[in-house]
Structures are given as structure tokens and as C-alpha cells.
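Below you'll find a set of structures to go through.
Presented sequentially are two complexes of subunit A, the first with subunit B as partner and the second with subunit C.
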Partner chain A sequence: MSDARLIPFRPATEETPTTRLVLIGLAIGGLGLLVFGPLLIVFAEALAQGWGAAIAALSNPDAASAMRLTLIIAAIAVPLNAAFGIAAAWFITKFDFRGKAFLITLIDLPFSVSPVVAGLCIILMFGSNSLLGGWLVASGYPIVFALPGIILATMFVTFPFVARELIPVMIEQGRAEEEAALTLGASGWRVFATVTLPNIRWALLYGVLLSNARAMGEFGAVAVVSGKIRGQTATMPITIEMLYNEYLSVAAFSLAAVLTLLALLTLLLKTALELRHADQLAAARRP
Partner chain B sequence: MGKPLIHRSPMPGLGLSMGVTLTMLSLVVLLPIGALLWKGASFGVGNIWDTINRERVWAALFLSFRLSLFAALFNLVFGVMLAWVLVRYRFPGRRILDAAVDLPFALPTAVAGIALTALYAPNGAFGSIAKELGAKIAYTQWGIFIALIFVGLPFVTRTVQPVVEEIEREVEEASATLGASRGHTIRWVILPMLAPAALTGFALSLARAVGEYGSVIFIAGNIPLKTEIAPLLIVIQLEEFNYDAAAAIGIAMLLISFAMLLVINLIQVFSRRRIGYV
Partner chain C sequence: MHIEIDEISKQFGITAALHPVSLAIPSAALVALLGPSGSGKTTLLRILGGLEFPTSGRVLFDGQDATALTVQERRAGFVFQSYALFRHMTVFDNIAYGLTARPRANRPPRAEIARRVTKLLDLIQLPAVGTRFPSQLSGGQRQRVALARALAIEPRMLLLDEPFGALDAKVRKELRQGLRDIHDETGLTTIFVTHDQDEAMELADLVVVMSMGRIEQIGKPADIRARPASAFVRDFISA
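Let's look at the complex of A and B:
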């Protein structure tokens, strides 16, 4: 047997086994330090004094009201953004008009604005110092330091999510199916409900999922506009900050664990969507 | 005659979809940003400059943009590597790793902030190891750096991954047949194909890091001139009801991030022209 036979065959388009091992090791190590570590520590800190302390912290009235508030905010902001996303995607993909690229840029704008600046903008627009805000406060409808302001701030930061998922999918699907339905005499709403919606439902769900995760977890923008009134305008992330700053570690991490479970659920659903309906999702395509 | 503003179309729902789109866009995004610019205009360019031109503000702006740049560069390298590993290699736990990349998108920033602090504080699991080695991570600029890497982590991987999936092996085989080493092929054949997508991810990661607040403030220590980020300065001004100063810093941040995105877009146009769109 010649010596050459002892060298294992390696295709020219692959890295050496050592390189592979090093790269895989770096990937696992990096994600361990940055992702898995923080994930584990949340639960470890929440349960540092046992299940009883964690559950007691969650049944505290302030924690309960924070959870209720966060659910209310998501229940209002996410459907509104989904409605916007559908309308914007329909307008952009079913019609030809000038300035389309500019409109898409404007929709994407919240991605490049700091959440804190977003909150600042809403305070300057609707705060009691502004013309509009002063009038609203005088008429008994305060926006800033109240629920409407938090919802506006949440909508600002999650604004592009649904539209961004829908636009590429609807561009790819074209208009032929809708046009056929129209020729057969279907009304506009019927075309949308029976032709468009089934085609975009998974992309819509995907966008709603991402939007919901961000809406429930938004901190910067909400911190600025909420006024942080305990039991009234303190959302879950805000309450986590307050508890943490009061050195109530178990309470802070217990609430954080609830949000982490929610994040894990989001990831699970997202992965399931990607595996099952990759062909109908924009995210699975090239940007 | 030029093109009409809106082409005639048999599609229904033009009025409704345009109305909803423009109304909500204006109410939620454009008018509030307009209010910021209006506030800035009435405050005056001179006053804005005087507000920004203080040591503490410069220090915060410089810190935010410098660390964001470093974090985005780290994510550029790590993200491309991660995309490569996730697409090309098969190993146990790959799916979990793939799903974990998206955690920073799903995990609320405040949760990430306190978790990273607990981990990297001198008495934390990783921080105590660093302490024995004589390094301090949390409450220093290293802590901010780590938090900014965390929030920008998914962008590069997620933009590059689909491109790696579509690279045809034939191209690599051709390169190898022509005598190129594996390293040569990666440097001159594969990386140029990934460059545009990687740059997009880099830009997104940078934009996200510059504005980041929630995950940073817990780990930063927030010492003026040293570990105080620009968004925190805005929050401090707002807590003192100093709206003019807050608006001035906000406008400065907006302008600098738009300028950076513009530069990156130009680089991208240039690189696409040079290496072609892949």
C-alpha cells in the first residue's frame, strides 16, 4: 500500500477538518458568551431564592399591573401595525406611482432612529409644552405620560416590521391572480380575503410575531414617554428596570424570565414558520 | 409629458390603502420627527451648537459612535463566519445555534441589559473569571462593547446566510482546478460574493448600535465623560424637562446616523459596481 492512500480524501471545495473544528468552536463559544450565557443567567437569578420567591414576586400588584399593561399595549399596537402593513404593502405592490422607493425609505425610517429619539419626538409633538399637546391635556386627553403615548412610541419602533415582510412576498406573487379574480367579477374585499390573504398569511404571521416581540419588550422609547408611574404607566420592561435599580434582583429577574420565555416562544414559532413555510416567507429569500 | 403621478389600474382599494398608509405614516413617524426638527429650528442653529459643543456631550457622542463602529466591525467578521458555519457545516446542535442567532431580536433590551450585567459584573459568572485575569468588563467601555455586539449580532448573519446558500460549488471547483489554494479561493472568490450582503448587515448593525439604550445603560456604569452614551444624555435632559437641549442632542444623533448610512450606501453602490451584484 502506498503512503498516498493513508491521506484521507478531501474535496477541494472544503476546508481542512482542523479549520472546521476551530470555526465551529468559535461559533459555539461566541454564542455561548453572548446568547446562551445571558439566557441561562436570567432563570438562574430568578430562581436564586427558590420558586416561591419568584412566584411571590410575580403576584405582586405592581408586577401584575405591569403585565396587564404590556398585554394591553401589544393588543392595541400590533393589530394597528398589521393593518398599516397590509395597507402599505397593497398600495406599494398593486399600484405604480412615482416616489415608491422614497415611500419605502420613509416606512423604514424608524429602523435608523434611536428609540430614545423616537420617544423624544413624541414628547415634543404631544407633550404638554407643545401646542397640540397643551390643547389635548387641557381637554382631558393627555398623550404623554399616559397610555396613548406609550402606544404611539411602541408603534413607532415596530412600524416597519409587517410591511417589510409583506412587500417582497407580494412583489414576487405579482398581480395576475388578483386580476383574474377581478375579471371573474369578485369585489375588492373578496379578492383580498380569498386570493391575497391566503397567499400572504404566513408572511403576515411572521411579521406580526416579530412586531409583537418588539412591542412587548420595547424599553428606550417607552421609558421616555411613560413617565414611569408605578401601577399606571410602568410596562414590564420599565418595572424590571425599577426593581433592578432598587436591588430587588429576584423580582426583576422573575419578570425578566417571563419576558424571556415569551422570547423563546417567539423564536420557536418563528423557526417553525421558517421550516414549514419557507417558500412563502420573505425572510427566507435573499435581501 | 412626464410619467403620471399614479398609473391607472384596475386594482381596487387605491384610495383606502393610500389613505391608511399615508395617514398612519404621518401620525406615527413623520409628524413626530417633524416636531423634533421644528423644535430644533426654533431653538436655532447657534443654540444647538452651543448645547452640543460641551465636553460631556462630545464625549458621549464620540463614545456612542466609536463603540458602535467597533461592535459592528466585530459583528461583520463574526457574522460572516457564523453564516458560513451554519450553512456549510453539519454538526450536532446546529439548528439550536441557528435559532439562537435571532435571540437578540426577540429578547427585550432591558432583559438583555440586566442579564449581561449579571454575567459580566465582577461578581458574575464570566466577570469573575475576567477579574482573576485582571480585567473589568461591566461598568467599563468593554461592557458597552459587549452589549452593542449583542444587539447587532443577528444582522450580518441573517443577510449573509442566504447568499452563502446560493453560492454554486462549481465556482469554487473552478477556482481549485485553476490551482488556487482554499484560502485563496475564499479570499478572492467567496468573500467578494458575500461583500454586498455583509455590508448591508454591517450598516443595519451599526444603525441599531448607535441608538441602543436599554441593553447598554445597565452594564455601562454611566460615568460622565467615560461610559455615558449619547441616548442616555437625552434621557437625562428630558428628566430635567430641558426639552431644548434634548432636542439639540437628538438632532445631532439623527444627522450623524443619516450621514453614516449615506456613506455606507455609497460604498455599497461602489462595491456593487466593482464586483457586480451577486
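Let's look at the complex of A and C:
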């Protein structure tokens, strides 16, 4: 047949084999060095003296208290932030008003402010030296060096995640579907529950997972406001640091392994949901 | 339903989308709002549907002041320019939406809803697409589903924003006839927006020519052709 077939053919967007090898090597090497390697070391160190030592370290009352505290913080801060994030994104994308750009910048503020500074702000506002804090302590509701302060700090640090995931999605989707639902007689709440929420659920899920990961892992802001009271206000990341500084490496890494497992669990959950709802994900794309 | 637009104006900040306009639409008419992009057609349609509120003026439905009625109370079947089908719902659920959204007291039973949706799917000649998602339909099919969804609420009027805008010429011709048939069958006062003078002239009983937020001329297609009221109308309809 024609000689043209013999000419080596390569699509315009495809790189040469050497380039591809280098890129793939870099990607795998980078992932291995920066992600998988450290993860493996965490587990290896935790089990350096066998399962028994690791489990004993985790059953220590302070470790148990840290795990409980971290889960409680995530269970309170993440839903609250999801609600605030939805409200903020909804407000920003469905209404036109002055100062919108400023509000969007404000939402990003926690990303640009150092968590330590955020923690200090909370102490200045609610610490016993402040007017509000003094009154709260006197009435028996201390914020700083107690659970409420830790939750405030965590919420501050994780606030942008949900709103940031939602805003671009909601802008892209526009208001037409909501308006259509209104013309069909649905009330505002019904529109939110049956049109808005289903349309943003994947972005919402990602936002919640990200903010959950960060809520469980937050160190800086929490370190400042918690006072690091062992068995009371020391969260998992803070307890890990304290144990490590005391050369209790098995205990530190066992707790770190649990924190890592919690993170992996969230990832697994996300993947499972994606697989289960693959058809809906495909259908949810803009028609 | 007889619709009267009484000195309606609309400002968006410093932009005047509509200067005071007045217009009476007889019951059961098929009316085209015709004009170039930015002439205020969509704004006028949205004011009728209750999605936008006028800066001044009144809207009367059958002689009753309807200006303050909410979008839900207007009961206007609205077909959006990009159809705005609910992407996460099947075609069936899309069409049933207005019926299931009713308060429990006057919500039809499930079987009745199913019966009505099936009937509407037959009316738009798409009996087999109920289980599909909007993303699995062609542009013309989506437009017809949007029409069925609007009809499901037993609207008092039908408002369509560029209903054929996103379709190719052949499908557009077919659907024009489809809209005419549905209008004749339901007897609903129907107002559609278009920038295509052929479409307006061919389909509508009454054509309202708009330009820069003003009504240039109101008349039967033949009258507008024969006696354009302004140089703008003459140029626009001969384009």
C-alpha cells in the first residue's frame, strides 16, 4: 500500500520517549521520596519495638485523651465550618452586592495569616486579661486553654476550605436552575435542598474532607490557645510533639501512625463514594 | 390570561434596561418580543415571571394588579435560554418537580404525578426519555423537556427566553411548529423572546419590536412588514 504508513508517526501533543521517561521518573521519585517514604517510616518507627509496645503507648491515658479530643474537635469544627462555608459561598455567588471582592479576600485571610498569629488573636480576645475573656472565666466558661478556644482556633484555620471549593462551582453553575425551581413554585428552602445542595455535593464533600484533615492535623494555632495541658487540652499533633521531645519515639510514632490512618481513612471514604456514585458524577456535568 | 404591562421601567444601577413601556397582551395570544441583543427583552420577560421586580410601573393579570406577586404566586411556565434543566435529576423528575414541590395539601398523589408526566412526555413526543439525565439528551430534546416541565405546573401563561436560540436551523424549524401546536392546544397566553425576525414573523400572532429598552412597534407580522413605524424597525426586519 502507501509508503506513508512507514513514516514514524507521533501525535502533536505527545512527548519523545526520553522526555516521557524523565517526567514519569520525576513524578514517581518525587512521590516516593516526599510522600510514601515518610509514611512508611512513621509506621516502621511505631512498630520498631513490636505491636505490643505500640498498643501499650496508645492505651496510655494521655494518648487516649488526645485521640478523643482530636475527634471531638473535628466533629464540632467541621460541620460548623461546612455550614458557614455553604452560607458564605451561597451569599457570594447568588447575590450581587458591593464589596463582594473584599469579602472573597476576607474568606482567604486564614490561609495567609500564620496560625500562630491566629492563636494569639484568640488569646487577646478571649484570654482572662481581656474584658470579654475575664467575664467568661468568671462565669465559669473559659475559652482559652480549654475546648472552646481550640475549636475556635481550628475553625479559623479551616474556614476557607469549604467556601473555596464551593465558590467556583457555584459561579460556574449560575442561578438558572434555582430560578427555574422558583418559577415551578418551590420555596427558597426547598430550592436549596433539592437543587443547590445536590449540585454542589461533590465540591462540598471535598471541602469537608480537606477541612477535616486540616482540623485533625492543626498544630500552630492550637498550640498557642490550648496551653498544652496533658490529658486535657493536648490534641494528637501536640501530644505527638511532646512525646517526641521527650525521646518517647515509639509512643510519638504510634500516635502519628493513628493520625495518618485517620487521614488515609478519609481518602478511602472519598474514593469509595466516588466509585459508588460514578454515574451521578458523570451526569452532574454541565449538560 | 390577559396581561397588561403598565409603564414598566427597570434600572440596573445606572443602566436603564427598560424605559417606561406599556403593552397589552390579549388572552391566548402568541406574542414575540423581538429585538437586538441588549434591547431589554429578557428583562421584560423576567419581570412578567416575577424573577425581577420593576423599578416603576405595574403588571396586571386579568385586570388584577400582580406587581407584588412572588415568583411562586405568578404561576408562569418559564423556559430559560439555556433550559436550566436540573442536571442531577432524570427527565421524569425534572418534569415532576413543580408537582412534587407543591405543599402536601394540594400535591397530587404519586400515581397521578406519574400519569401527568407520562402525558407530557407524549405531548412533546419524547415518550421514552423519562429515565435519562439532561446531559444524555440532544439540544432539541432538552428544549422540549424544559417546555414540558413548565407546562406541568398548569401555568397561567408561558414565557420563553430565546427558546430556539441554541439550536441548529433544521431543529429550530421543527420546534417552531411544535410550540405553535402546543400553544394552540393549551390556549395559554404565550410570550417568547427572540432576536430572529423570521422566527417572530412566522410564529407570532403579535410582534413587539424592542430597541434600547423601548418598544418601537407593536403589531401583527403583516402590518409590521407593510408599515414599519421607524427606520430602526424597517432596518431590523429587512436584515
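Assume the second predicted complex is superposed on the first by the 249 of 287 C-alpha atoms of A that agree within 3 Å, B and C clash if a C-alpha of one lies under 4 Å from a C-alpha of the other, contacts with A are read in each partner's own complex, and residues count from 1 in each chain.
Convention: contacts are C-beta pairs under 8 Å (C-beta built on N, C-alpha and C of every residue); 3 or more make two chains touch, one makes a residue touch a chain.
Everything numeric in this text was worked out from a predicted model, so none of it was measured.
Tell me which touches more residues of subunit A here: subunit C or subunit B.
Between subunit B and subunit C, B touches the greater number of residues in subunit A.
Touching A:R68, do we find subunit B (first), subunit C (second), both, or neither?
neither
For A:F159, using the defined touch cut-off, is the partner it touches subunit B, subunit C, both, or neither? Pick first, second, both or neither.
First partner only, subunit B.
In the overlay, answer first, second, both or neither for which of subunit B and subunit C A:E179 touches.
So A:E179 meets both subunit B and subunit C here.
Touch check for A:R230: first (subunit B), second (subunit C), both, or neither?
neither
Counting only touches as set out at the top, which of subunit B and subunit C does A:P198 meet: first, second, both, neither?
Only subunit C; A:P198 stays clear of subunit B.
Looking at the overlay, what does A:R276 touch: subunit B (first), subunit C (second), both, or neither?
It touches nothing on subunit B or subunit C.
One more residue to check, A:S187. First (subunit B), second (subunit C), both or neither?
both
Let me check the overlay on chain A: which residues of subunit A are in contact with subunit B and also with subunit C?
On subunit A, the residues that contact subunit B in one structure and subunit C in the other are 179, 182, 187, 283-287.
How about subunit B: which of its residues touch subunit A in the complex?
Within the complex, subunit B contacts subunit A at residues 3, 5-7, 9-14, 16-18, 20-21, 24-25, 28-36, 38-39, 78, 81-82, 84-86, 89, 91, 93, 95, 97-116, 118-119, 124-126, 146, 149-150, 153, 158-159, 162-163, 166, 169, 172-173, 176-177, 182, 185, 197, 200, 204, 207-208, 210-214, 218, 231-232, 234-235, 238, 243, 246-247, 250, 253-254, 257-258, 261.
Could you please specify the touching residues of subunit A with respect to subunit C in the complex?
It comes out as residues 176-177, 179-187, 190, 194-195, 198-199, 280, 282-287.
Any idea which subunit A residues touch subunit B in the complex?
12-16, 20, 23-24, 26-28, 30-31, 33-39, 41-42, 45, 80, 83-84, 87-88, 90-92, 94-98, 103, 106-107, 109-118, 120-125, 127, 129-130, 152, 155-156, 159, 175, 178-179, 182, 187-188, 191-192, 210, 213-214, 216-220, 223-224, 236-238, 240-241, 244, 249, 252-253, 256, 259-260, 263-264, 266-268, 270-271, 283-287
Of all residues in subunit C, which touch subunit A in the complex?
49-51, 71-72, 74-78, 80, 82-88, 97-98, 101-102, 133-137, 142, 149-150, 152-153
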